[in-house]
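In this document, chain identifiers A, B, C and D correspond to the written order of the chains, with residue numbering beginning at 1 in each.
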């Protein structure tokens, strides 16, 4: 394992410190317990948005703290959910009195820790709503599992709910639009090569030179199945097929197409995937109204990508277009 | 002399648990690497080390207060699924223990049952889902049975530990239906659940601590 | 080699097609000969900016086409400079009559091909100036080599010269400020692991699990020397030492600090490097006024980073802050 | 019958060169991988294939026109350092050849010298810098010497090819001072320069083409 790190145990703290130095105009870093807060939080009258989860998915979540998106990001250890004693003070700090929305990816650890923090915050008089993100169609049978995982759709939920909060929507409305985004987005990922967690020192799984893992999550946990390596168009077909099957859209509907890199795949390859995905969606009669291509929710240096399709309505489109100014996503502000 | 366990026992239990978790840190993470994300030993070690650190500066005077301290440390330091689950277990055990200076067999069994109920309430797993519930459930049941049979605290803890160990072993063939391992579906069968394994280790440490004369059961001749 | 590609020979064309689809609001893709052009080019009265080079460095250069930066980007095959018959039409297309600046990284192939294109454009009556970027301090003895290579500084030259052109500076002024940026920026890179060129199919060089290559370029060409793996702070020290030795700044001077990822290194690690670099610069009495952290000029999926330090003056700072709206860099617009 | 080489020779030269470049595509790239970026064979193959494609639809009537066609194809398709260098070489050769229907020995040598000068003017490398100049310079000199000795076109090209081959071999021990290989400094010694190697192959193809009776020197009995 070769990584640009010092002590594996200090990865999150040092990285967040560096992030704070680079983006001091946007955020303040609360050192202990560690969380990243929008510089001007709490914003008077605005619903606060808090997200978080294991580290290793950068720029998620710290990169989305700022105007029009999150008020706070709570980073756990690499691929390990944060604890209530981080989430609670972050929640209290961003509460302006209008309440706080927790955006939580559906992993048992994240769900339980945010749930405890929410209970504690409620006990301190802060109104908390939770948007659970579970867009990963790779998990087939939710009845016999912890349910679908939260993956690429998280970025879209954070952007759109963030815009709703910024324009002054009330607590239930912000949570509601976040839930609506989640209900309308599906994602499927693929890994070409695994990543290595710093404190583990060995790759999370082994893939031979000729295999890929379809339905990968964002922690190097296994996917649906392994198949022999295919070309980009073939892989794109395989990722879109379950996404579209699950979304069940009619011809003429509008979508946002999000091709996300897992961290170790060149941007040029993501555009090759995007190109074919546009074609496939076009053939399905769908209109790609908005798009996003890049490394937005990663799994360290994993090679691979995910494709998310969000069924847009006018309000979501308007909120997507609304100004955002964060370290990793910026327009109109 | 009494047939109950006081705060000294609770403290030596948690110190012994910290030691056994540290000793099994790598094994537990290996179990987790097979069907999860490979951090369970690391996570628990962080939490139990924090308990030991807290105990170096505070000396709670009742078992309930010790459990509360442990609960807060675990919740704030472990993260992942195990943090809230173990945290809730100890918090419920603390509540069940109240401010009793000593836990008699009945109170001890009640505390274990409360812990088990806490895990179930928090994680919503049923028995057989291949989680730590599969260690805690038989443990709580065995403790209750021992109390019904008129056993003393050491026997109650011995019964709980043995049941937890058997429960952990019994997770091997199961297919996970909760937690990260559930994503593997049938590929999770053939592996031991890491949380059940750590639960068995921790409950065994409780029994061992009760067996040591110095550790809160003066004399050790009772029961 | 596992890559999200179809035919290795089609990588550039398909990727640029995807890019054009994703950013149709910003650019037009000219298919054959291939180049990417700002949608509203030629902009009346504005000096045109054209850059280009081998592909594989994405988001460079196509990602910097747009308001306040480039008017056209000319992509060669992966790691191979483009040809005059691409550069010439791009140059003609963006010329509004105010002349065109070529921003060229100092590699023999790039220099010669841009030179020929410039001659041909001049012959067609277009005034062309060239800004040669050669900021790489890894090349020690320019007398006996093709000279220092153009690396990280390229992004800064494109941004700042782009802003000068956008505000209406004349041809010589735009080229002049570009040359001033180049004269004031130094860069040094490191590779932890090599990249694989699609049509080659094998890594460009071999590094053992315990070695790193200091002074790496952006094509997998060799660096200054190999050393055993070190921690992030140690590597940062090693990169900054020759950069600062060459820049010879006095205490109290203002700099822009740019930590660039080579493509396969997680963002979190770049922030760890940034954190220590800020410390080192602070100890040298320098004031980090502006910063940039991320994957801005890459070498496919190479693992590693480069550190650039630009000695800022007031005009450069103002031009850096000026609005920019491109696929990969956006603020104020 | 004449002692000169006409457009048919020029066309067969370029076709033969395309073939030999295709045959050595991998070897040339291997040479480039050792001290450059491993694309030289690929680059040239792209360019010479383009020449062949153009020749399938156009039949220029003078050697100069053939060289001009080659120059444009190489410049537009090769890229890298080699594209402009070879492109300039053929462009200068075209200019030197003017609109002569045939190249006599003197004009042939003049064209080769012009090509060499073009490479030098474009790349600014001196002899001994370990570049294609180390093949073109001795080739141009040998051609001039052959003309001075009263040799015919075949001998002029044979002399040029042999000198280019020797020049390419002689790059082995040199340290590169131009092009990508120069970044390696002394580590570039011990490898053959890919551009010098390709230049030798291409000049050998010129001589071979002149030796073939069918290829533009009707009879082949002259010189």
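Note that contacts are C-beta pairs under 8 Å (C-beta built on N, C-alpha and C of every residue); 3 or more make two chains touch, one makes a residue touch a chain.
Predicted, not measured: the structure shown is a model, and the values here were computed from it.
**Q** Quick one: which chain's Cα centre is the longest way from chain B's?
**A** That would be chain D.
**Q** Centre to centre, by mean C-alpha position, how many angstrom separate chain A and chain D?
**A** Roughly 57 Å separates the two chain centres.
**Q** Could you tell me the distance, in whole angstrom, between the mean C-alpha positions of chain B and chain D?
**A** Using C-alpha averages as centres, the distance is 81 Å.
**Q** What whole-Å value do you get for the distance between chain A and chain C if each is reduced to the mean of its CA atoms?
**A** About 29 Å separates the centre of chain A from that of chain C.
**Q** Would you please write down the residue numbers of chain C that are in contact with two or more other chains?
**A** none
**Q** What positions in chain D touch 2 or more of the other chains?
**A** none
**Q** Graph shape for the chains shown, where an edge means the two chains touch. Line, ring, star, complete, or other?
**A** The chain contacts form an open line.
**Q** Under the stated touch criterion, can you name all the chain pairs that qualify?
**A** Contact pairs between chains: A-B, A-C, C-D.
**Q** Which residues of chain D touch chain C in the complex?
**A** Against chain C, chain D makes touches at 33, 36-39, 42-43, 75-85, 87-88, 122-123, 175, 177-180, 182-185, 187.
**Q** Per the contact definition, I'd like the list of chain A residues that touch chain C in the complex.
**A** Those in contact with chain C are residues 2-7, 11-12, 14-19, 21-22, 55-56, 58-59, 63, 192-193, 209-210, 212, 229, 231-233, 235, 263-276, 278, 291, 293, 295, 298, 300-301, 303-305, 330-331.
**Q** Could you please specify the touching residues of chain C with respect to chain D in the complex?
**A** Result: residues 33, 76-77, 79-85, 107-109, 112-113, 115-116, 139, 141, 144-146, 149, 197, 199-200, 204, 217, 219-222 of chain C touch chain D.
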